[in-house]
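Next come the structures, one after another.
Both complexes below contain subunit A, partnered by subunit B and then by subunit C.
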Partner chain A sequence: MQRRALIGIALAIVLYALVPLAFAGNLYLMSMIVAALTIGGVALAWALLGNLGGLVSFGHAAFFGVGSYASALLVMKAGWPIGGSLIAGGVCAALAAVLVLPALRLRGPYFALAVLAYAHIFRIIATEWKGLTNGAGGIGNIPRFPVVFGYDFASKTGGYWIVLSLVLAFAAIYAWVRDSHAGLALRAMQHSEDATRAVGVNSQFLKALMLFLSAFMTGVMGAFNAHYINFLEPDYAFSGLWTMLPIVAAIFGGYRTITGPLIGAVVVYLLDQLVFKALMPIGHQIVLGALLGAMILFAPEGLLSLFRRRRLQQGGVPAAASRNA
Partner chain B sequence: MLELRDIRVRFGGLHALDGVSLSVAAGEIVGLVGPNGAGKTTLFDVISGTVRPHRGTLHFENADISRTSAYQRARRGIGRTFQIPQPMHTLTVAENLTVAQRFGTGQVNPNTVAEILDLVELTDRASRDAASELSLAELKALEVAKALATQPRLLLLDEVLAGLEASGKRRFTKLLADIHARYKPAILIIEHDIETISTLCPRTAVLNFGQLIADGAPDVVFSQPDVVASYTGAVHDA
Partner chain C sequence: MTELVLQALWSGILTGSSYALIALGLALIFGTMNVINLAHGELVLLAAYVAYTCESAFGASPLLAIPVAIVIVCVAMALTYLLVSRIRANRELNSLLLTYGIGVMLTNGMLLLWKADIRSTKSAWLQDAVVLGPFYSMRSELLFFLVSVVLIAGLWWWLTRTWAGRAVRAVASNREAAKLMGIDPHRVELVSFLVAGLLAAFAGAAIFSFGVIQPALGTSLTIKAFVITVLAGMGSVPGVLVGAVLLGITESLTTTFASSALQELAGMVLFLFVLFVLPNGLFGTRWRH
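For the complex of A and B:
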């Protein structure tokens, strides 16, 4: 326990202090890291729904977009403070997820397809409801993060600290849910829903809770992104990339773990933007697709499982201990 | 305690249950027998809420539960096992019971979990093994233990002795008698072994082609010609 606490403190120092110290001078790289963590937050939310709720979603772009627009509009039209509007963005995304509830009865690809269609509906609403969203023209000059105690959180490093804090908070919530009795029941449900219902588990309710939590997290990430980039348009906020990239990241890193989607997001996005894009300015995402295909074939449990396998071969961490990474 | 009236279930053109009425008193042990396909497991599915009947009503402890969900019935005190054991595979044996107790009763009491594990002789495997690593006999014991963890007042046992060797069957029969003596639940048990039914159950109901054709003391029921023709005949044929 003491060792884990020490590792946690060391990791916090590295993430909060050393990363900004090392890269703050390179604004391009910092913005890439912030974008990677934003995708990581959505990947974590997507993985939570998949790992605990047993549901594969192709529609997280809808929650991201709703969170973006809700937060931007609350600040610009209702004068909300940004801190409150970030939470409200998540709440609005969770409320939007209420419309998905009927689809919870669907299984496998049918749920995924239903949510994909649902995401398109929100994109159309954002485009057509011009009185509220300014339609395809988008919303510009969205207020940036404020100056707090003399520090400008609108800077790249300020944005990095905010998104890092959000992602770590979500990871802690995910771990808490996973280790709770509800988490045990959710894991059990994936093998036999009938068996869990027979001992009193309200499986539909628990799945709905995971959907709301996942939508909330995604909505908060969308809200953060809106104030970080200061501009929104429907094709950007509801872009399929906000679904695709997190899925790729989660599968790449290992969607059954908490750290996997985050590490996957950082590795995948930085590799794509800093390496593949430099080598292949057009069509660089082909390499990403090939890498993902290779991962699914050779390490379906994700990148982390490769390291774990190696450590096990060297007589390191027992499987049971590494299961909850 | 349990009152079924005119229960009808159809699967397409097949009448799985055709006007079944049955009552079980508090603390009573009732055997449910019949040839394969008679509708026994379907009747359990109806009582536990997994299958909705097309017609008929269910009352449990004077409340109409006809329209309640499976999880609500478990919380009301109806526990069940499955013919093919359905453990929560990735969880340990103790976690299986913890989930059952937490959601079935609304609280977690480690002492009760330990007591049940001791009763079904799974204490040694409680926290060490995932449920998927258990033998068939242990899986059957876990099925019963999970149901017990919900503190049922009605326990539905679906062929819990099936697949066990003679000594295992004797041990399990004694376990069920111990459970009844200690917790006093009403028990409705599906079993093909007539000796077990005669030992455990003062009363036996017989289903055939979805209809209840006999209900009474085992020695009386098993001497009825239509029961002999349907149930015992089918067994001999098998």
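For the complex of A and C:
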């Protein structure tokens, strides 16, 4: 236990202090890392829905976009403070998820497609509701993060600290839910939903809760991104990329783990932006599509769990692996 | 007013017939393999770009591109099948992710080859107006309507009258029993992908001939096909036809009376309505819990 605490403290120092110290001079790289963590947060939310809720979503862009617009508009039109608007962005995304509820009645593949259609609907609404969102023209000059205790959180490093804290908080919530009674019931549902219902678990209710939680997290990430980028337009906020990149990241890292989607997001996004994009400026995401396909065919549990399994075979501690199951 | 409505109905039926080709392919693959091909719209779009290349690079009519498109799309479909059939665990959900990945590859590949620009046919012959009584349409719309009717009739005949078509239906309705009757389900699955590819190739040429294409269109074609199958209820060929025409009519009515920007939204509203009110679709019973 003590060793775990030490590792945690060391990791916190590295993440909060050393990473900014090492890269703060390189604004481009720093902004890449912030974007990677933003995608990591969405990937985590997506994986939570997939791992605990057993639902695959192709429409997380909808929640991301709703969260970003809600937060930006609350701050600009209703005068909310930015911290509160981040939470409100998440709540609005969760409310948007209420509209997805009827799709929960559908079997697995149909749910996935229904959510894809929902994402489409939200993008069209954001484009056409010009009175609220200024339509395709977008919203500029979205207020930045404020100066707190003399530190300007609108800077790249400030943004990094905020997004890192959000992502770590989400990871903690995820771990807490997974180890709770609800998490136990949800894991039991993966094996047999009927048997779990028979012992008195309201499976639809728990799935809906996971959907709300996942949408909330995604909405908060969207809200963060709105104030960090300071500009929104429907094609950007609701872009399919906010669905595609988290999926590739979560599958790459292993969507049944908590660290997998985060590490996957950093690796996949940095590779995409720094390597593939340099090699071919247009259409570089073709590599990500191929990566997703290859992962599904050869390592559907993710690369991290592949390593973990190998370590296990070489005599690692089984308890360490089963914690992440 | 009545004329406008009638005209919108007519246009809706014409475009709906092409949507039906796309949705039938999606439904066919789902029927035999229980796999939703999320790359379906992208494969239709690929055919459309083949037609575009044929016209812009060789000056040939998009119609002449159809045989080439059939070959290319069917090869792509066969590859998709080969990959999907290699999935071992949890095929229902993993096939979604795999075909989604294939869709991403296709979209970006098309972006790479044909750029993000919006393309449409330059053939005046295809775009000429044709007047049938009170109804106006482009020649291409009418032409591909007739082609679709022939193809759908052919598909109907194939599914009900030929051995291979009956095998497809047998596997769709009961895979194990079909195996006992000496049907190789893998072969049937491949055949369903190829037939879907054939339909997709015609649909792609149609969409290029009377509409505009760009690489991002693929997803919205997949969604349209999905909306139609939800309208139809799974496993119902007449349902798909009615659903497709209904979607086409909804879109054209919206374009006529509101704006073309809202046309996709109208289709979605129809979709939500069915999801809330008729969760089994208009004709189906099988696809719910």
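Please note the rule applied: the second predicted complex is superposed on the first by the 318 of 325 C-alpha atoms of A that agree within 3 Å, B and C clash if a C-alpha of one lies under 4 Å from a C-alpha of the other, contacts with A are read in each partner's own complex, and residues count from 1 in each chain.
Going forward, contacts are C-beta pairs under 8 Å (C-beta built on N, C-alpha and C of every residue); 3 or more make two chains touch, one makes a residue touch a chain.
This is a predicted model, so every value here is computed, not measured.
Annotation: superposed three-chain arrangement on subunit A; subunit B versus subunit C shows no clash, the two fitting side by side.
Set against each other, subunit B and subunit C touch different numbers of residues in subunit A, with C touching more. When both complexes are overlaid on chain A, the residue A:188 reaches subunit B alone and has no touch with subunit C. Residue contacts after overlaying the shared chain place A:105 against subunit C, while subunit B stays out of touching range. Of the two partner chains placed by superposition, only subunit C is touched by A:128; subunit B is not. In the superposed model, A:290 makes contact with subunit C only, not with subunit B. Of the two partner chains placed around the shared chain by superposition, neither subunit B nor subunit C is touched by A:3. Superposing both complexes on chain A places the Cα centres of subunit B and subunit C at an angle of 80° as seen from the Cα centre of subunit A, in steps of 10. Subunit B and subunit C never share a C-alpha pair closer than 11 Å once the two structures are laid over each other. For subunit C in complex with subunit A, the residues that touch the partner chain are 30, 34-36, 38, 83, 86-87, 89-90, 92-94, 96-98, 100-109, 111-112, 115-116, 219-220, 222-223, 226-227, 230, 261-262, 264-265, 268, 271-272, 275-276, 279, 287-289.
Touching subunit B in their complex are the following residues of subunit A: 181, 184-185, 187-188, 191-192, 194-203.
Residue ranges of subunit A in contact with subunit C, taken from their complex: 56, 58, 99, 102-103, 105-110, 112-114, 116-117, 120-121, 124-125, 127-128, 240, 244, 247-248, 251, 280, 282-286, 288-293, 296-297, 300. Partner subunit A is touched in their complex by these residues of subunit B: 48-50, 69-71, 74-75, 79-80, 82, 86-91, 95-96, 98-100, 102-105, 108, 146-147, 149-150.
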